[in-house]
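Going in written order, the chains are labelled A, B and C, and every chain counts its residues from 1.
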Amino acid sequence: MATKKFMYVNRKAPYGTVYALEALEVVLIAAAFEQDISLAFIDDGVYQITKEQSTDGIGMKNFSATYKALGDYDINKIYVEKESLDDRGLTADDLMPLVWEDEDDDWAEKPSIKIVSREEMAAVLAAQDVHYSF
Amino acid sequence: MAMLHIVNKSPFERVAFKSCLDHALAGDSILMIEDAAVGATDGTIFSEELKAAMADKSVYVLGGDLAARGVSEDRMIDGIKVVDYAGFVNLTVENDTTQSWV
Amino acid sequence: MGMLDVNGTSVEVDEEGYLEDLSEWTEEIATAMAAAEDVDLSEEHWDIINFLREYYEEYQIAPAVRVLTKAVGKRLGKAKGNSKYLYSLFPYGPGKQACKYAGLPKPTGCV
């Protein structure tokens, strides 16, 4: 089976709707098929990977920790749009440090997140074979 | 007749929050819940609009929804009050009517 | 929905035998689940079970078999980081069977 470039586009804040959690589950399942997977966080999607989420007050499962497992699933192309952060008063420092371990480099931890401009994001999206929108 | 306006949509995603601000009257209260909670953050493309509304309206946010989205209270616009579920209930009791901008 | 008897007290399990409430998990429950499938838990079994519980605690998911294999290889040595070794311990599938004993839900991505 030829490898295709799959892009999962995340544009919704977590918890208010089920999109974020559904996307995460689909991504983890897709990882089993060893395709070339990328994730994009655009618009309110950037809230999915903010640091220090606490769901104690809303009685829902805090699934933010699961994004940190993506590196284990060889998902290490995570694009975050800078304009989306700027519009929301956020910076890269407000995001969880998502990393992956490079087995060929003595398990060195490398960052998975790339902050890109809107223009670069458009190019990244255009370079994919399949898009899934959440 | 004071009214409580409840907003649950992100101001960055839908026009519901803006529409709420355009329709709320002086003396009314606005409560941000669910995805609308992110609107409480200062330094955003929406914060000046909300600050302008706060000149004559009270603005509240449900603390649990804010924390769930990783926004700490020290990032909020000054003057927004954080409430819990009991505070939510009090707001509905204190106001004559409630409208949800779903 | 079913009940599993553990030393006189019963715990709720789903139709496939997975624990309904993972906070109820004890080592006795794991032992009882294994005994019901004629498995006597060895230290090697416990290494995997404990690893799975730690992984779930940290990431809130049960890892896929591929992820488990890689992680076991890293932590317990290359000789154990392969599916042959894991299947020798958990013949019904390391993901499904070990996760069950560990009190976790079925692994996400278990297809």
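General remarks:
The working rule: a residue touches a chain if its C-beta (ideal position, glycine included) is under 8 Å from a C-beta of that chain, and two chains touch if they have at least 3 such contacts.
Only a predicted model underlies this, so the values are computations on that prediction, with no experimental measurement involved.
The chain occupying the central position, as judged from C-alpha centroids, is A.
A count of contacting C-beta pairs for A-B and for A-C identifies A-B as the more extensively joined pair.
Mean C-alpha positions place chain B and chain C at a centre distance of 45 Å.
In terms of their C-alpha centroids, the spacing between chain A and chain C amounts to 28 Å.
In chain A, the residues that touch at least two other chains are 62.
Counting partner chains per residue, chain B shows two or more touched chains at no residue at all.
The part of chain A that touches chain C in the complex is made up of residues 25, 28-29, 31-32, 61-63, 65-66, 68-69, 72-73, 103, 107.
Of all residues in chain C, those touching chain A in their complex are 55, 58-61, 63-64, 66-67, 70-71, 74, 108-109, 111. Those residues of chain B lying in contact with chain A across their complex are 8, 10, 12-13, 34-35, 38, 41-45, 47, 62-65, 67-72, 75, 84. Chain A contributes residues 11-17, 43-44, 47, 50-58, 60, 62, 64, 87-90, 94 to its touches with chain B in the complex.
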